[in-house]
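Which chain is which? They are A, B, C and D, in the order written, and residues in each are numbered from 1.
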Amino acid sequence: MIYTRRIYFYETDGQGVVHHSNYLRIFEEARGEFLRSLGLPYSRLREEGYEVVLLEASCQFKQPIFYDQEVNVEVHLTEMNRYFFSFSYQVFVEGKLKALGKTKHCFVKDGKLVSIPAKLRDLLTCEFHEEN
Amino acid sequence: MIYTRRIYFYETDGQGVVHHSNYLRIFEEARGEFLRSLGLPYSRLREEGYEVVLLEASCQFKQPIFYDQEVNVEVHLTEMNRYFFSFSYQVFVEGKLKALGKTKHCFVKDGKLVSIPAKLRDLLTCEFHEEN
Amino acid sequence: MIYTRRIYFYETDGQGVVHHSNYLRIFEEARGEFLRSLGLPYSRLREEGYEVVLLEASCQFKQPIFYDQEVNVEVHLTEMNRYFFSFSYQVFVEGKLKALGKTKHCFVKDGKLVSIPAKLRDLLTCEFHEEN
Amino acid sequence: MIYTRRIYFYETDGQGVVHHSNYLRIFEEARGEFLRSLGLPYSRLREEGYEVVLLEASCQFKQPIFYDQEVNVEVHLTEMNRYFFSFSYQVFVEGKLKALGKTKHCFVKDGKLVSIPAKLRDLLTCEFHEEN
């Protein structure tokens, strides 16, 4: 899935580029749209008492991104087992790779680690097989 | 009370100055320290089920503030009745006035407007009389 | 003009609602889209050396806004003279008014207050007359 | 060096914990204080035309961090050559490890990669040898 939006002015910093912390925020938006595209928005999972917890995040910053540029974030599910799932993110502006990211997650319910909700696992499994 | 800290780099924007939205965040920090200085940190009030809700906020931006500058925020309680209380904020850098702010609040418990917790009202009343 | 987008998870705070500082950010997005809708995106004005400076901002928070809700922000130009211009913002979710905002701005070039660029003033004047 | 401060309310998200993107911001604060502790604040380097650019960042989130908790961030210089330098970050609350981070940087002047300013390299070399 590709998530697209323009950069807001408040996302830039005193170097005139998108502040690095905002890449993690854009990744969050992108995986939110990924879940929505599967028909299971995160807000629905939260209504059922699930929280997605971030375990690890990393990003390589290749080139700066500027105000008002349109970013295209390609999101892929890269790993999944009973408890854990990971996404990769490739951030493009006008076809040029600007950044590479990776996040690893699990689900928590009532404060405890739980297996990935069955409904979501089925959807992710399809997605995973289609892609790989 | 005067709340002091340096400006972080991520608070600046592409104009090279503190982004205006961050003034509201610094006001929040300042009134948090104000409550702590009274001996009743907001985290304690939250443990008792209270939430402070912001009803109104405003800010006049007089001069820009830059990275690494030390801001001094003078906080005053300006209004209080059974339900509502307001603060004013004067933001100084090296003695020069940079911004003026105002916020108005109430307390909510179990999703409903409640009167200001008695313990806090007593403390605020003392503060209010001392100042006025 | 009406600016629409969903609330991101990172815009919520420990009260489970959109943090008040983010309203000012959403207003910034909305007036950015307003300028773009006039055919004069802020990024173009910046290329010509202009900066829009925020002089005043205020917001009344009527009801909380939650994660994943779609906000509709109605932006109006409410004042304009040679140097200053103001916008109002009404934030709706599913037709219900959630917040009211106001911002006042001027233009700066090479660090000095300048009159509103003629090109923009013409566009804003049309807009202003159409609306009033 | 250990950098210490309390968590602000606006740093929490709808899960009631510090939003993950803010860890990168706290790391930035911590390395800012690290440079200041060496006698060479980043603001001084910027006056001389240098910018520190972030190339890579990663974080492992071990346990959530809550509003008003005091975080202690232990910063170490872990790598340095002519062009690149890396920091590690260990985030503690009341002695418990909450997160581990890593960032890699270089210097840019007039838009080009330059070697680490000599003055800073000397200071970092001392620090590096003391620690290793």
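FYI, a contact is a pair of C-beta atoms (placed from the backbone, for glycine too) under 8 Å apart; a residue touches a chain by one contact, two chains touch by 3 or more.
For clarity, every value in this text was computed on a predicted model and none was experimentally measured.
**Q** With centres defined as the mean of C-alpha atoms, identify the chain lying farthest from chain B.
**A** A
**Q** Work out which of B-C, C-D or B-D repeats the contact pattern of A-D, with more than half of the residue-numbered contact pairs in common.
**A** B-C
**Q** Take the average of all CA coordinates in chain A, do the same for chain C, and state the distance between these two points in whole angstrom.
**A** Between these chains, centre-to-centre, one finds 28 Å.
**Q** Using Cα averages as centroids, what's the distance between chain B and chain C in whole Å?
**A** Their C-alpha centroids are separated by 24 Å.
**Q** Please work out the Cα centroid separation of chain A and chain B, and write it as a whole number of Å.
**A** 34
**Q** What are the residue numbers in chain D that touch two or more other chains?
**A** Residues 9-10, 21, 25, 28, 67.
**Q** Under the touch definition given earlier, write down the residues of chain B that touch chain C in their complex.
**A** So the residues of chain B in touch with chain C come to 15, 20-22, 24-25, 28, 51, 53-61.
**Q** Flag every residue of chain C that touches chain D in the complex, lowest number first.
**A** Interface residues on the chain C side: 9-10, 12-14, 16-17, 19, 21, 67.
**Q** Sort out for me which residues of chain B touch chain D in the complex.
**A** Against chain D, chain B makes touches at 8-10, 25, 28-29, 32, 41-43, 46, 67-68.
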